[in-house]
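Residue numbering begins at 1 within each chain, and the chains themselves are lettered A, B, C, D and E in the order written.
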Amino acid sequence: QDVIKVGVPLAMTGPYTDTGDNYWKGIKMAIDEINAAGGLLGKQLEAVRFDTQEFAPERVMQGADYLCGKLEVDSVHAGWAGWGQDVRAYGKYTAPFFADDGSQSAVDVYKQNAEEFFNIFQLTDTGINQAQSMFNVLMSLPYEYPNKKAVIITADDAWGTEVGDTLKDNFKEKGWKVAMHEIVPYGTREWGPILTQIRKINPAIIHVEIVSAQEVITFFRQFMKKPTNSILSYGYSIVPREVVGTMGTEADGLIGEVPTAMPTPEAPTPEAQAWLDRFNGIWKHLPQAGSWAAYSGVKAWAAAVEAIGDEKKHKEICDYIATKGYKGETGWWKWDEDHVMRAGGDVPIAHYQVQNGEMVAIFTDPPTKPYKNYKFQVPRWINK
Amino acid sequence: MLEIKNLNAYYDDFHVLKDVSIDIKKGEIIVMLGPNGHGKSTFLKSICGLVSKIRGTIKYNGQNIAGLGSEKLVNMGITYIAENRELFPEMTVLENLKLGAYSKTARPYEARNLEKVFALFPRLKERSNQLASTMSGGEARMLAIARGLMSNAEFLAIDEPSLGLQPNLRDEVARIIKEINKQGITVMVVEQNIPQITELAHRLYVLEEGRISFEGSKDEALGNDHLKEIFLGM
Amino acid sequence: MFVEIIDVIISGMINGSVYALMAVGLTLIYGVSKAFNFAYGSFYSMGGYLAWMIFSVAVINSYFIIFILSIPVLLVLGYLIEKVLVAPLRKRDDWEIKVMMITLGLALLLDNSYQVLFGARMKSLPSILEGSLEIGEFILAYQDIVIFILSIGGILLFRWFLNNTRTGMSVRAVAQNPAGAQIVGIPKEFVFSATFAISTVMVGTGGILLAQKYFVTPTGGWDILVKAWVITAFGGMGSIKGSLYAAFILGMLEAFVGWYFGMTWVLIALFAVLLTTLAIRPQGLMGKWG
Amino acid sequence: MDMDWKRNSQLLMIIFGIIGIMPLFFGSTNFIMHILIMCLIWSVVASCWDLIMGFAGIFSFGQVAFFVIGSYASAIISAKFSVPPIFAVILAGFVAGFLGVLVGLPCLKLKGAYIALVTFAVHMILEPVLKGDIGRAIGTGGSRGILTIAPMNILGYTFNSSDPVPYFYLMFFLAVASSFIILAVIKSHWGDAFLALKDSEQFATCLGVSAFKYKLIVFALTSFITGMIGGFYAHYVGMLSTRMLGIDLFVTLMVILVIGGVGKFPGAIVGSFITIALNEMLSPLGSYRPIILGAMVIVLVLLLPDGIVGLIQKIMPKKKSGKSLIA
Amino acid sequence: MLEIKNVTKKFGELTAVNNLSFTVEKGQVFGIAGPNGAGKSTLYNLITGLYPFEGSIKFEGKEIRGFPSHKIAKLGIARTFQIPQTFPSLTVKKSIAIGNYFGSDAEFDPAYVDEILKFVNLYDKQDEKTGQLKLLDKKMLMIAAALGTRPKILMLDEPMAGSNSKEILSLMELIKRINQDMGITIIIIEHFMKVLTELTSKLLIIETGTEICCGDPNDVTSDSRVIECYLGDGHD
């Protein structure tokens, strides 16, 4: 037997198809590279995909039973995978499992039984920490806020509420007033009533956290009909490729963040730059959120397998990853005791601003520092 | 005017009419009798293009019309007045009548015909804005007949016009049939409860078990004790 | 406060015109055939994708031409779908449920075909009219004005057609009693297919008009279906006038609830009003043709 | 009762006989056992749907909603009040059944697509309610969902999802019981009353059938069973989120009915096994899966309008129904 | 047995039943006739609880106004409809069983159902679906289902319409047997005077919802007002 099976449970149909696609591009790229270089321990990797559809609990469980139970794959690379449901489902098995849940609930489930869930690894930090980072950057922008009023608008999903609540606490602590904290369902495309209130408030910061392009584009366009003097912070909602793809330079001035991200357009190190160029060469666009994280997950696992010398020794491999980490394009990846890839060090959160129709990394965090020579620009709709 | 040869009609696999042949001349009044459920309505419907599975030939003014849809036949002047009325429930009496004149041939005469049917059935004029669904059994029958008269037909197939009508209106129906026949309209009626209609008939047919079991003038029929007892008794 | 309320009313009007546009087609098709078309939302997306193809593949960006080109396509498609898929079912006793099922299958097929053909990402179209009208403190996008005029105009025209023309009356006749319609000489099969086709055109062109504002996605039609369904039931299935009122009442409701209580309450409020209305008037606001 | 009942219960016994021995072949493959358990779960939910929609002619689209209500209810009841799961499941059935009656009430006056809408509204509202403040207050975990639910436990024996065979037989028992209840209802005078109300409510009520009572009974019964199965699901899977309310599950259930045949009772059971198996087999095709599924629905509705059971009935007619003209 | 007092029903402007009062005695065959649209069927609808109305209807001394239809059926009032109604999804036998099971407080009795099937001559067709029955059979079925409820009073709405002489005779025979052999009180709406004069012991004529006259059928049919508004000169 000279293949190693790798499970890839991702949404291939339904509303999460697009994010699934982003992760797949990174995973595929890593597998192809390993195979091209002669495989892992001399064996070729074979990706087996499983369509997680809408992450209904039994579907997540079914994916684990299929990939780990039936096919006995030796590692599983997912992206968004169920925000905690996945930990339970895959934690029953031993094959190393990499997810990009970015959610505190996944970590909470992990903590309930860290012993049993030794094979679970999160590729990004939680929403809480990401929101903390967004706040840090907002406060470090070289910009004088005209007032201390903020508006927070988030989607009604776990991610959105996690970010919204954290931001709110932070604002309050800093003496800001959160004049409006609105939770909206997906599919909201008429923002009139909300914008009416925003215009009355005239906040210094508007944070929008809805990871879906239609909602955030319509919000922006309707906002721009009569903008207020507000910094528009889109957080993770900046990532769906259509946001910048559709609006181009129209989106100039928006800021947002991506955890475990490869800063663009210029990578931090020559190796990273080479990776960026390779990605761009294969997929004809810059990597989207998650692509690099998913890629690195595969590579981290492969490195551990090489070190242990047997892909079946799941426990040893997991211990190796957890203790030794992995050296990637930008430096060291180290998982903490909860098997979470905490933001910082060599894998910080990248904070972007759209400039000339492109996502440009202007800050990394933590620690909060400007990225290279890229600078924040005061958005065009703000009256100086 | 109508030459019907070996007409067979089916509902799915259920064979209702079996080789029925009838000739109808222009200007005649034909009455068809027969026991319940033996195919009288089916026969009228078959002529009017309302039964989807038929075999045989139906010649109308020399042209074979078997298999043509009702929308064509109505335009050619063949109209059916249904036993179960088939009104448009959520439309007013007036709208129902207007739709009676839907065919191209009837359209020009709409106003004239409307006046005519209102004169025949004053109740309809009185209720012209009532919804058809709320009309009483007999009123709805009047409306169905009136709607049929709106079509300016040359050949009218009337199915049980007396069903649910009050006694003096039954007489009225006979009078109406006589009247329209005088105007040159050929009429075929399935009716067992208006003796006066049998009086009017040029010829009588009896349909039993999907076959014609008797054909002849009313005198011949009256001479037939069996028939007299069953169909002409009341 | 005053300014705010006017602003909210404007939003409500915009919602209303969009909703009216979404719902007429469904009202028509349900009113005529009593068939519930689950693929309604997919036809909406189809309009958007057609326009997108014309716009990006044929590089035509005149909306006039886009409409001229897509309407016949939608018309023929709608006609064929009715003839091939729906018409054969109508002979059955349980056709209502069968039609629901087959159109659900069609929706599944279409939506996922869009995804395979065009990708999961949304597509955008250029705005039909850039810029906005400013009256004092208020702003109205020209885009919204166009949608408002076209949707109201279209609906009024359509209502006039149904109530005042012979063909319109024949459509209503078929809706109420197909057998009766046949008797008076109305080609009922054709009327069924034609209304389905017209309904497809209405929702498809609605899709084009809204795509330039809301974009096109493979599964975006579900939202439309549900909204259109609520409006149609609220106004009275089959009543054009009812749908129009319902669209604006619900549009306003949405704007005011969203403004006052927050967006998450909109759906709950929408259904609460719908349920109350139906409890009092089971046939909806109007409940019949007209 | 009569012939029909005998025939159908025999058919049910054959179907369940075959299902019952499945673990002999697949008992060691968790993946397949899991799918089989899900097949059983959906077969009951679909059968309930068939009862209310196919037989009673009430276009209720709230089936998934009642399932989710039951599952949340059981999870919350067992966690908050430390009720043993098996009782929580039954209580969940009552919660769902009660809500079913509440939803049924406004539906009594409504017809066709209106009922579909009102019931679907329950489905639509459920997500914001479970995720929102109300939901969080009663312990739904908001948009996170409930990630820890006690496993099923009967008389001290704790079921474990890594050994699905006992779970399978527990569900099997539930499915058999539910199916025979449904069959008993359909083949009883009640079943006929549903049909009569569907055909002519006026006539039926003038013959003494209470439309009010019987419609509410179907609502109560179907949502009770569905809710109970939902509760079982919660303890079996061990976690819950509102994602079950996505369109996928709804469509899958509808496909089950298409394949099994609407109003052809044991059909839904056969349909669910075929549909779920098919869905799994098509799964590697990714985006093409729903396309093929959609195309299949279309073709089946056209060619096999009464589903599998309808086909079987056609091939093996009960009795030649001769019809003659002579009275 | 059935006491109608000052019953009025308005549909908007139209008064369909206008302050009507009459009493039906036990064992009677009570006839109702009158022009089209006089309010006869509406009256049935009021008695069986399909519409709300003003006035009072007492059955065996008990006020039944406001009762739901199914309760009224259980009390022993059964009816047929002018436009035949059947249950296309059910067989003939099951339709009757519905009446027997739900419409009567007595135990369900399959033998009784068989008896009725034979009584109305539908025994051979008991397993046929009712949708495609011929008109006469549908009417028979309605009567049979109504009898299934073991009624004390049976209300027939134009049972003869659409039948020929022979069929009418056999129907009359049937009605007589229901009345005499089964002891069921009967109210019948008909437009055939011969039927009414022969069958009924009391005949009520109404026009536009108002009573014109009520009494012995032979007297009533020769009443000039009745002849004028209803029967016409050449009546049968």
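In the analysis below, contacts are C-beta pairs under 8 Å (C-beta built on N, C-alpha and C of every residue); 3 or more make two chains touch, one makes a residue touch a chain.
Since the structure is predicted, the reported quantities are computational estimates derived from the model, not experimental observations.
Enquirer: In how few steps can one go from subunit B to subunit C if every step must land on a touching chain?
Expert: So the least number of steps between the two chains is 1.
Enquirer: Based on CA centres, what chain would you say lies at the far end from subunit D?
Expert: With centres defined by C-alpha atoms, farthest from subunit D sits B.
Enquirer: Could you see whether C-D or A-C has the larger number of C-beta contact pairs?
Expert: Of C-D and A-C, it is C-D that has more C-beta pairs in contact.
Enquirer: On a CA-centroid basis, which chain has its centre farthest from subunit E's?
Expert: Max centre-to-centre separation from subunit E belongs to A.
Enquirer: So, what's the distance in Å between the C-alpha centres of subunit E and subunit A?
Expert: 76
Enquirer: Cα centroid separation between subunit A and subunit D, in whole Å?
Expert: 38
Enquirer: Could you grab the centroid distance between subunit B and subunit D? Build each centroid from C-alpha atoms only and quote it in angstrom.
Expert: Chain centres of subunit B and subunit D, defined by C-alpha means, are spaced 51 Å apart.
Enquirer: So which bits of subunit C are touching at least two other chains?
Expert: 112, 115, 219, 264, 267
Enquirer: Using the touch rule from the top of the page, what residues of subunit E touch 2 or more other chains?
Expert: Answer for subunit E, listing residues that touch two or more other chains: 88-89, 132, 134, 136-137.
Enquirer: Where in subunit D do residues touch two or more other chains at once?
Expert: Within subunit D, the residues that touch at least two other chains are 128, 132, 247, 287, 289-290, 323, 327.
Enquirer: Under the touch definition given earlier, write down the residues of subunit D that touch subunit C in their complex.
Expert: Of all residues in subunit D, those touching subunit C are 53-54, 59, 106, 109-114, 116-118, 120-121, 124-125, 128-129, 132, 247, 251, 254-255, 257-258, 262-263, 287-291, 293-298, 301-302, 305.
Enquirer: Considering the complex alone, what residue numbers of subunit A touch subunit D?
Expert: Residues 12-15, 17, 49-51, 53-58, 61-62, 65-66, 69-70, 83-85, 88, 92, 103, 105, 108-109, 112, 156-158, 160-161, 185.
Enquirer: Could you list, by residue number, the parts of subunit C that touch subunit D in their complex?
Expert: 30, 34, 36, 85, 88-89, 92, 94, 96-98, 100-102, 104-113, 115-116, 219, 222, 226, 229-230, 233, 237, 264, 267-268, 271, 274-275, 278-279, 282, 284
Enquirer: Which positions of subunit E touch subunit D when the two form their complex?
Expert: Per the stated touch rule, the residues are 48, 50, 68-74, 78-79, 81, 85-90, 94-95, 97-99, 101-104, 108, 127-128, 132, 134, 136-137, 142, 145-146, 148-149.
Enquirer: If we count contacts the way the header does, which residues on subunit C are in touch with subunit A in the complex?
Expert: 4, 7-8, 10-12, 14-15, 18, 112, 115, 120-122, 124, 132, 139, 141, 213-215, 217, 219-220, 223, 254-256, 258-260, 262-264, 266-267
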